[in-house]
Structure formats: structure tokens, C-alpha cells
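What follows is chain A paired twice: with chain B in the first complex and chain C in the second.
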Partner chain A sequence: MHKKPSTIEILFIPAFFLLILYPICAILFHLTPEGIVTTISDPLFWSSFKNTLITAFGAAILATLLALGFGYYHMFNRDSIMYRIADLFNDLPIALPHTVAGLALLLAFGRKAFGFAGSTGLAFTVLAVTLAMFFVSYPLAARTIASSVDEIDREIIDVARTLGDSEGKAYVRIVLPLLGESLISSMVLCFSRSLSEFAAVIMFGGNVPGMTQVLASYVFTKVEEGQIDAAVSASAFCILLSIMLVIILRILTRRRHVRGRKPA
Partner chain B sequence: MNYKIGITACLVIGITFLCGCTSTTEEVQPLLVYAGAGLKVPLDVNIAGFTQETGIQVIPNYGPSGGLYAQINEGQPADVFFSADWKFIEKLEDDGKLTDSIKLLEDNIVLVRSKTGEEKGIEKIQDLVKPDISIAVADPGAPIGQYSQNVLDSTGMTEALSQGAIKARPSTVNQVALMVEKDEVDAGFLYSSTASLYNLTPVQRFDTTQSGEIVFGIGIIKGGDEKRAKEFTDYLDKHTDEYMKYGWTRYA
Partner chain C sequence: MFAVENLHKSFSDKKVLQGCSFSIPDKEIRVLIGRNGVGKSTLLKIITGILYPDSGDVLLNQRSLLRDPTEKRRVGYVPQSSALFPHLTIRDNVAYALRNGRGKEEEIDTILAHLDLHEYEHAYPYQLSGGYRARVALGRALFSNPAIMLLDEPLTEVDHAKKTEMLPEFKKILQELSIPVLYITHDPREAALIGTSYMAMDANGVTQVNSAEEAFSFIQ
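Now for the complex of A and B:
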């Protein structure tokens, strides 16, 4: 017996296929063997791939660590001014146009302010690329951690506190282990977000091929150069990488749900 | 029942109002001019002068030339297109979307330096190989990057600078200008007009034989108000002196 599809289903299915799935498939349909060969034989592609992995991973770790600090405030100090400020600024890097983010970082960490750190300050280095990615992906980490903190049973914390644990100790000994996989999903989210960032990375990171170029700015450059075949294959590569990440994220979160279920 | 009458009344009034608006604007339809963002300062002066002389209203729409080209190509109404890159005028011409076009201005690539660059003694392109110099050169994908690359090639500097002096490959000319103006790099390559816009004094100017021809041109769009568009174009052609103040030269 088939149930009659609801109006929502009738609207959702074509809209989803047309607006979400179809554009992604369009990239894959336009792959050409020549484009793939050009791309995989381009050493600059591989160096940008390597840079992307290193910097996005670094950014993911940094963002998650900082988000843990925010999680602490979210758990214990929600009335403090610091928490309110941090909570407000959680959304700002998302709302900010990313060229502005790049400019902000350049002015903040360039050689005018950080000249002691090198001839161009922190700007135009692999570290700068990491910082740019960190800046745009931290809000995602903060939200992920905060929402997992919300799921934790306050009573356990209260028990620990009555048994004499300080807030810091309770956070490290009880909250952190309970966060478990959400730390990983926060990192995967930040990693994926970092993969897609190019505006801030170009402005602050430098975008020099073979040095500070990452996959997203590599693709952007190829499009600008009119090398569409190469751009399409590099994009397909990005899509593949993203899909892999999403699958990893899925497996991890599903495991968490299974584990979270109470035994019958 | 009452609210239905209310809504109908509102609709009728609204539609009448809208119709009224369009019919009045049709009588004095202003000229729609699409222009590269870098042209804003002198072109605004030209537009004010033209309106004063002829009484024709002009509405400018400034943006990146490539983006404006795409809009016109997709059929957005426009009468005149003043492009910062002749390539886009050629493309529209090839597609039969223009009735007329002229090459109006020429720009040059210049070398500019920041305050620190001045202290490090950057006077000409050869100084860029000195130790501990950081420069910004736009990505060769962007037009400015391609012209800059041509200059590096024709002066034989490409090899020497590939050793690491190029610290940044921004994607637009304005980003390069910003980096130099904010003293985050020592030097960079800009259009002469961009340098003037950012109050950066060029230390070296490169001939178009070294960079390739950089032409700013105007196209009159087919199907627009062609007669008055031509009037406007002729006016610009007679008043190019405004652009000389900002680093352009007249196309010879």
C-alpha cells in the first residue's frame, strides 16, 4: 500500500533536485579527461591540496579549542558580560563579507602591528591562511559545542560540584568526556567550512601558488584565467572531499545517537 | 466582507499609482550608463556637466566591468557601457549587441611603493630583487595581474622575483592598492588611474609596449536610447581632460 504523497513532498522533491543536487551534478557532468589530466599533473594543484589539508586541519583544532572555552562560559557563566559578548560575536564572522574579514585580519596581524614576527608580520604565510580559516569557522565550532553542552544533564555537574570539584575541574573531568564525539563533529564542520574559504584567505594568506595557495583559491584562479576544464576538475575534487567529510560526520553522529540511547 | 472591499480598494489605488509612475517616467526617461567602478570620480563630473548642458538626466551604475558586461549580456536595460576593459566591448560587439563603440582612454601599469618601501630605497623595478623586499602582484587570472606579468616578463624580472619576493597574489587591483597604501607590503603594480585614486605616487611608469594595450572604451547598446546615448558619448569624447587629472591618457 502506497500512502498518498503530501503536498510538502510534492514541492520538496523537485525543488531539492533542481536547486541543490542538480548544480553539484552539473560540475561532475562537465568533467573532461583533458581537464582531469591537466589538474592531476599540475604540481601547483597538489601543493594547494597539501596546504589546504594542513591549514584546514590546524584551523579546525584551533577553532574547537577556543570553542571549548566558550562552552565553559556557556555551562557556568551565562550571566557574565564576557559570555554575552562572546555569544554576540559568534555570529559576526558568519555575517561579515569575507573580503572584509580578510582585510580586518591583514590590518590586525600585518606588519604594522606584528612587524616583530617577520617581514610581513603574520600575513602572507601558511599560519595566516590557518588564522583566516580559523576566523571564519570558529562560530560553527562554538555553536556545536554549546548545543552539546546543553544536552548534558546539569545534575551530574551539580553532584561533582557538591563533592568539591571546582568549575574548571568539573568541566575538564566531566563535561569534556561527555562532549566526546561532538568535539570531532565540530572539527569536521570547521574543516569543511575552511575548505570553502577563499576571500579571506586570498587577502590575508597571500594566495601565492606553491606557497600559500589553497584549493578554493586555486579553483577561483583557474576560473579567472578562463581555464574552465581545469577549474571543473579541481571543483569536482573539492566536492568529492566534501562528500567524504559529510559521510565521516554522519557516521560519527549516528554512533553518538546509538550510544546515547538508553538500554531497554 | 468589509476587508475584501478594503483590499480591493488598496490594490486598485496601488496599481493606479504604479501605472502613474511608469507613465510619467516614460516621458523623461533618464539615460542608463553602466560604467567600471574605477571611473566614478571623473565620470560623475562629466555626467553633471552633460545634464547641465543638455537637460538629459543620467543614471550611472558603477560596478566591476566584467559583472556589468554579464548584466548587459543577460539583457538588463542599459544605454551606454563604459568598460574598464576593451575586451568586454569586443565581446558585446561580436554578439551584435552594440550599434557603435569607441576606444576612449588608455591606462598604464605603474610601480608604486609604500612608506616602508620608500625607506628600503625602491626607485625602479630592478630594486625589487634587493633582499627582504615583499611585493604584491595581482593574480595573473585578473586583467591587472596579466598586465603586471607582461611587465615582469618584458623587463626580465620574472625569474628573479619567483624566489619569494612576491608575498601576495590578490585577485583585484584594489586589493593590491590597499596592501600598498596600508603599508603591509613594500611595493606593487597598479593601473596609473588606481594609483591616483589611492594617492600613491608612481615611482616608475611602464609603456604599453611592455604591459600590453590597456584600453577603456564605450559601447552604445542596441535597443536603448541610441540617439541620446550617442550625444552622451560625443560629450565624453570632447571632455577627456577630466580623466587626465586621474592618471589616464587619451587613446591615440
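Now for the complex of A and C:
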């Protein structure tokens, strides 16, 4: 027998369809064969796609590596001032307007501070795009690694210490192998977040077609140029990519939950 | 000879250890009995070096261990959960200390055979029963060539019948080590079967008693 839906369920359905699914579908409904052909034959689209993959992947690796450092503090040094500062700043890039993040990176690594690296410092380079993506995605990596570190039975680490491991050795030999899929989850999460980043990338990395342009800024440029069909096709491509990433993340998360990692 | 002298430890306002003192000669298996929350685990964590006491000392052969980090203390530790490394095979678990220059490679097989683990040497911890996990945890601690052994309710996951079978074997192995052994349990039968001496722990500290029964009646 079917149960009668509650009022909350009845209200949720139209709200979800109107505000979440409908905008996504609007992109797909506006796809045209001409737009698709224009987009896939545009070398700038493919260069922005290539830039997106390279920079988002670089940002994901950087963010996960730094998050592993945070994970070490989270496991062994939670009373330290460094941990408290890092923990506080983990949330800052989430709350900060990303234009501010981009400006902060521009001032920190731009012409004035890093003039020795080039006429614009590190700004408006592929590295700048990577750093902008890294800056906004690192908190996700740090949170993922920290929550996975929390799942590890502390007694396992204590035993490893009694068997001669220093904290560093125990982290590398025991914690890192147990993090396993969390490292991949962290990378996928950061990659997805990087894929969606626009403001910080534009501010620090710029939007130079064929050089620092990424998919998000490619869509923006096409809208600005009035080429809506091409913008819609590129957006549909982004949606497809995002859905694939979300599915990968779901599979990884489910596998983690099924296996569990605390010993019985 | 292992000794704990006037150990104090507090967490915020809660005093957990207040002047805890005792000593354990070599070859002795001292069973420690106490209610939950009385400070047994804190005591073990101080001996292993995971926690530091507010005051007092931990001595092994009249030398203070407090200045040494955990990895230098040569304390064999078998926790309640076994705490096996889940990503390593049984053989690699037992031989873990080899990575830090402890134990001898040729002793791995002896320990595996001694603890009836050869059949499972390529298995992973999740494939083993509680009794076999306890054996692996003991073997891993033995292999590291410890100067003192601490066992914190190592057979919690094992049923009574199996315990009765395993305890004389464990006792023999522990006595062959000729080092001080501190064994915590809540099970009177287990205490009687494994111990060579007994002490009871309450909020006032530890008191040496003559038998397992006396220890359990002391803490009632």
C-alpha cells in the first residue's frame, strides 16, 4: 500500500523541480545542432577544456597534498596554535567572496610581490589559474582528509608508536594507506570545485583565450559576445562533466561507507 | 624491574591518578583489576608515552622512561581492540617492528608457529576471529622484543571456552619472556588463570593483593 505523501513532500517536489532541475534542463532544451557544431569545431573551446583539465587536476593534487599536512596536525597536534589557525582558515575561503580571493592572490603573487617571475608576476598564467582553483578548493580537501583521519582508530597509531614508529612514520605507514579512497574523494571533490570556479580564476588568472581561459570563462565570453548557442553547448558539456564527477564521487563515498575502516 | 612512582594525572579538573605507585619484578605477570574509569587506561597510556603524567615517574631497571618518546621505550602493547593494521597481512602485522630495526627476521616464523598463526600469515585482520586477532596482537608485541609488556583486556573479543584454552598458552609465552608484564582484565577467571600476582585499583591508587578473588572483592 502506498503511503500518503506529507505536505512537506508535496511542497518539496515543485520547488526542487522549479529551482534546481528546471535551470539545468533549460540549458539542455536550448541545445541546437548548430551550437554544438560551432562549439566542437572551435579550437578555443578545446584549449579551454584542456586548460580546465590541467589546472583543475593540478589544483586537486596541490589541495590534497596540503590537506595531508593539515591531516597530520589534526591527528597529532590539535592543541597547537598552528592547528587552530589552519582550522579557522579552512573555512575562510568558503565564506570569502571569490572575487576577494582572486584579488588577494593577485596582490600576493602579482607584479609587485612576484615581479621577478615575469612582467605580471605569477598572475595571468596557467599557474595563476591553478592557484586560484587550489585556493578555493583546499578547504574541501582539508575537511575530507580531517574527517577521514577521525575515522581511523587512534589505538592503531598508538600501537605503531610502541613498535618504533615516530609520529611521521606512523602517519606515512599507517594513516596514509588507510586514507586510501579518501585521497581520491578529496581529489575528485577539489577537481569538481575547481571546474566550477570563475571569479577567483578571472581575477588572478585572467581570461586569455587559448592561454588562461577555462570552460567557465569560455561560457562567460560566449555570452558576452552574444553567441548564446555556443555558450549553451559549452554549458551542456560542463553539466555532463559535472554529472560524471558527481557519480564518481558518489561511488567512492558509498564504497568508503560500505567498507568502513575502523577495525572490529 | 619495572616501577611506577607516585604518578599523578588530571584532565581539566578531574583527578584520574593520585599518587599511583607499584613495582613489577621481571618474570612476573601482574594482573591489574579495577572498575571502569578508575584510570587503568590512563596508566597504560602514561607507561607507553602516549600521555605524560603531571608528576611522578615511570622506571625500567631504575631508569626513567619519561624522557623517552613512545617509539624509544620498548614497551610491548596489546590493546583491547587488538588494533591490528587493517591494510597489512598477518605476517606483516607481526613483523611490523622490523621496519624500525626491531626484532629478527628469522623469528617471524617462530612466532607465527608459536601462536598457531602460520595458516593465516597471508590473511588480513578482518578475515580472522577475535581469538586469532588477539594472537596476532600478542605476536606483534612479542616480535618487537619489548622490555615490558602491557596487555589491556586482550581477550575481550574471545568467548569463555576459547579463553580457557588460550590463557595457559599465553601465560607460558609471557613467562618465557622473563620481563615484567602488566595485564588488565575484568574477568575473574581470566585473572586467576593468567596472573602470578595481583593488584586492585580504585580512586585512592593501587593496592597489591594475594589473589584474583581478593582483588575483585577489594574493588566491590
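Just so it is clear, the second predicted complex is superposed on the first by the 257 of 264 C-alpha atoms of A that agree within 3 Å, B and C clash if a C-alpha of one lies under 4 Å from a C-alpha of the other, contacts with A are read in each partner's own complex, and residues count from 1 in each chain.
In this text, contacts are C-beta pairs under 8 Å (C-beta built on N, C-alpha and C of every residue); 3 or more make two chains touch, one makes a residue touch a chain.
What you see is a predicted model; the values in this text were computed from it and never measured.
Student: By the touch definition at the top of the document, which applies to A:191: first (chain B), second (chain C), both, or neither?
Tutor: neither
Student: Touch check for A:237: first (chain B), second (chain C), both, or neither?
Tutor: After superposition on chain A, A:237 lies in contact with neither partner.
Student: Return first, second, both or neither, reflecting whether A:218 touches chain B, chain C, both chains, or no partner chain.
Tutor: The answer is neither, since A:218 touches no partner chain.
Student: Going by the contact rule set out at the top, does A:178 touch chain B (first), chain C (second), both, or neither?
Tutor: The second partner, chain C, only.
Student: Looking at the overlay, does A:158 come into contact with chain B only (first), chain C only (second), both, or neither?
Tutor: Second partner only, chain C.
Student: Considering only the touch criterion stated at the top, classify A:70 as touching first (chain B), second (chain C), both, or neither.
Tutor: A:70: touches no partner chain.
Student: So, does A:169 touch the first partner chain B, the second partner chain C, both, or neither?
Tutor: A:169: touches chain C, not chain B.
Student: Residue numbers of chain A touching chain C in their complex, please.
Tutor: By the definition above, chain A touches chain C via 153, 155-156, 158-166, 169, 173-174, 177-178, 180, 261, 263-264.
Student: Flag every residue of chain B that touches chain A in the complex, lowest number first.
Tutor: Contacts found on chain B: 116, 132, 134, 139-142, 164, 166-171, 175, 178-179, 182-185.
Student: Under the touch definition given earlier, write down the residues of chain C that touch chain A in their complex.
Tutor: Contact set of chain C toward chain A: 45, 48-50, 69-71, 73, 75-77, 79, 81-87, 96-97, 99-102, 125-126, 137, 140-141, 144, 157.
Student: So in the complex, which bits of chain A are touching chain B?
Tutor: 99, 103, 106-107, 110-112, 119-121, 123-124, 202-203, 206-209, 211, 213, 220-225
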